[in-house]
Amino acid sequence: MTDTIQVHPVAQTDFPAWKTLWDGYNAFYGRHHETALPLEITEMTWSRFFDAYEPMHALVAESAGELIGLVHFLFHRSTIQVGPSCYLQALFTAGTARGKGVGRKLINEVYLRSKNMGVERVYWHTHETNTTAMQLYDKVADKSGFVVYRKPL
Amino acid sequence: MTDTIQVHPVAQTDFPAWKTLWDGYNAFYGRHHETALPLEITEMTWSRFFDAYEPMHALVAESAGELIGLVHFLFHRSTIQVGPSCYLQALFTAGTARGKGVGRKLINEVYLRSKNMGVERVYWHTHETNTTAMQLYDKVADKSGFVVYRKPL
Amino acid sequence: MTDTIQVHPVAQTDFPAWKTLWDGYNAFYGRHHETALPLEITEMTWSRFFDAYEPMHALVAESAGELIGLVHFLFHRSTIQVGPSCYLQALFTAGTARGKGVGRKLINEVYLRSKNMGVERVYWHTHETNTTAMQLYDKVADKSGFVVYRKPL
Amino acid sequence: MTDTIQVHPVAQTDFPAWKTLWDGYNAFYGRHHETALPLEITEMTWSRFFDAYEPMHALVAESAGELIGLVHFLFHRSTIQVGPSCYLQALFTAGTARGKGVGRKLINEVYLRSKNMGVERVYWHTHETNTTAMQLYDKVADKSGFVVYRKPL
């Protein structure tokens, strides 16, 4: 099954199909209906994937001509490395395509592309209650023991 | 006591005093002796604080002419915001200056400077066992419930 | 006269006064009426001046509470330097404030701020027919002998 | 002849062959012997080509297994565009491979890659006495009438 899944960078023409996945991702984190991510932000983020100056990227998983998963990632500096870090900010698989290794395939492609570009570490955040996702994450990465504090300004 | 503490960006001449704090910070995370952060990385990081192209910054807390604390932070994009995020990557207070509000003062200055530059969110990682630091963090930010996965490449 | 001119970074509240100068600058290069710079671009550029992630900056000259000049500059890498270059992309003095050293003051402030941030070279483009501007430029910089080729995509 | 020339991004293993071309480029601009570009800068520039965070790129032209040309380019913001500009900072063809369309092929590849990444304009600087290069440049781009002023800091 996995063999028929292709992972590639998003193209401009992928917008509608990507948007469906992106909405699904946001809904999972409670951003839907009145709390939906403003369209202005989605459009800005989309434009940044195609902006040579922005180190922000999106890959999609495709199967039988349909987009079934996405991963977004960006590169930034670290004070304890010479090379950049990769922050994998979103990973999502369509509900109908779960359990087929899509997420793992997307993560592996991020690893591969990052490694080829001098990145020393990939990291992401997941909610401590998201045990389903952690079943995969525990296989492909290290649970660091670090927790995230944040402050909206 | 807090009133006599000044927070300001590091200057080139602060290197030796900053380096002592930086070594203290790294030692806390087990990077010392044979596992010390390579000097090459420290020098690169230091140079980035003074590189107009790198959105990486360092502030220091000074009291009675001595550096007693540091905070490092950098800005990067987010896929769910138009404005940037601020990643506060290191906070450290000299052992002799603890309990005087130095850390809080440094964090507040990061909030202030970030807010003035369009930043929408400040975040950082702390180890789940670092209960001392969390006493402060729980007062100035939100424990998000997110945990950090990472993969060295 | 020069002593009463203050140069400082633009603030959000400067928008209307800055916009008047910016329109004057664009008109000088033929971007007005039907060829005017789209407002969308002006708003994006303005937002970038206040975006911590974008190494793009604006200074204004103020005299008697009025903005009388602007300079825009941005930092980018160079393949023949370790530190960044500064591209001074726009310099403009209000028609009523010419001949009072405003332009020179703005350029000098760009030099000062750039030097403090590790910049190794400031450069700009001016049209070969702009002899008025060159009277100043020949005093504060070197005419390099290089000409600009460009290709719209 | 042109058909046998392949243009591709540099790979880590290209360093020695790229270095020979880079030295040739620098010598053309008088940077050789005692005025040679310091090796430290060459190494930093090389590392940036492979740094996911740096929008700086290098392509090479290859023929019969040999590198015969290079082009370096980087992306930066512009105050009069939403999308980035591309600054083509270096173009060089080995002495033995001149007159075969290598330079044009390299420039065209920069155009193609830039256009696909939202770039609105490619530009470069050439010396006003470099009439040989201008024979090509006049065919593939516009001589803008702008000249370059610069100030070392």
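The chains carry the letters A, B, C and D, assigned in the order they are written, with residues numbered from 1 in each.
In this section, a contact is a pair of C-beta atoms (placed from the backbone, for glycine too) under 8 Å apart; a residue touches a chain by one contact, two chains touch by 3 or more.
Note that the structure is predicted; figures quoted are calculated from it, not measured.
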Starting at subunit B, how many touching-chain steps does it take at least to reach subunit D? 2
Could you see whether B-C or C-D has the larger number of C-beta contact pairs? C-D
Same residues or different residues: which describes how subunit A and subunit B meet, taking over half shared numbers as same? same
Chain centre separation in whole Å, for subunit C relative to subunit B (CA means): 33
Distance between the CA centroids of subunit C and subunit D (whole Å) is 27
Give me the residues of subunit C that touch two or more other chains. 55, 76-77, 114, 119
Quick one: which bits of subunit D touch subunit C in the complex? Just the residue numbers, please. 26, 31, 37, 40-41, 44-45, 48, 54-56, 72, 74, 76-82, 87, 89-90, 111, 114-115, 119-129, 137, 140-153
Please name which positions on subunit B make contact with subunit C in the complex. 47, 50-53, 55, 75-77, 83-84, 86, 114, 117-119
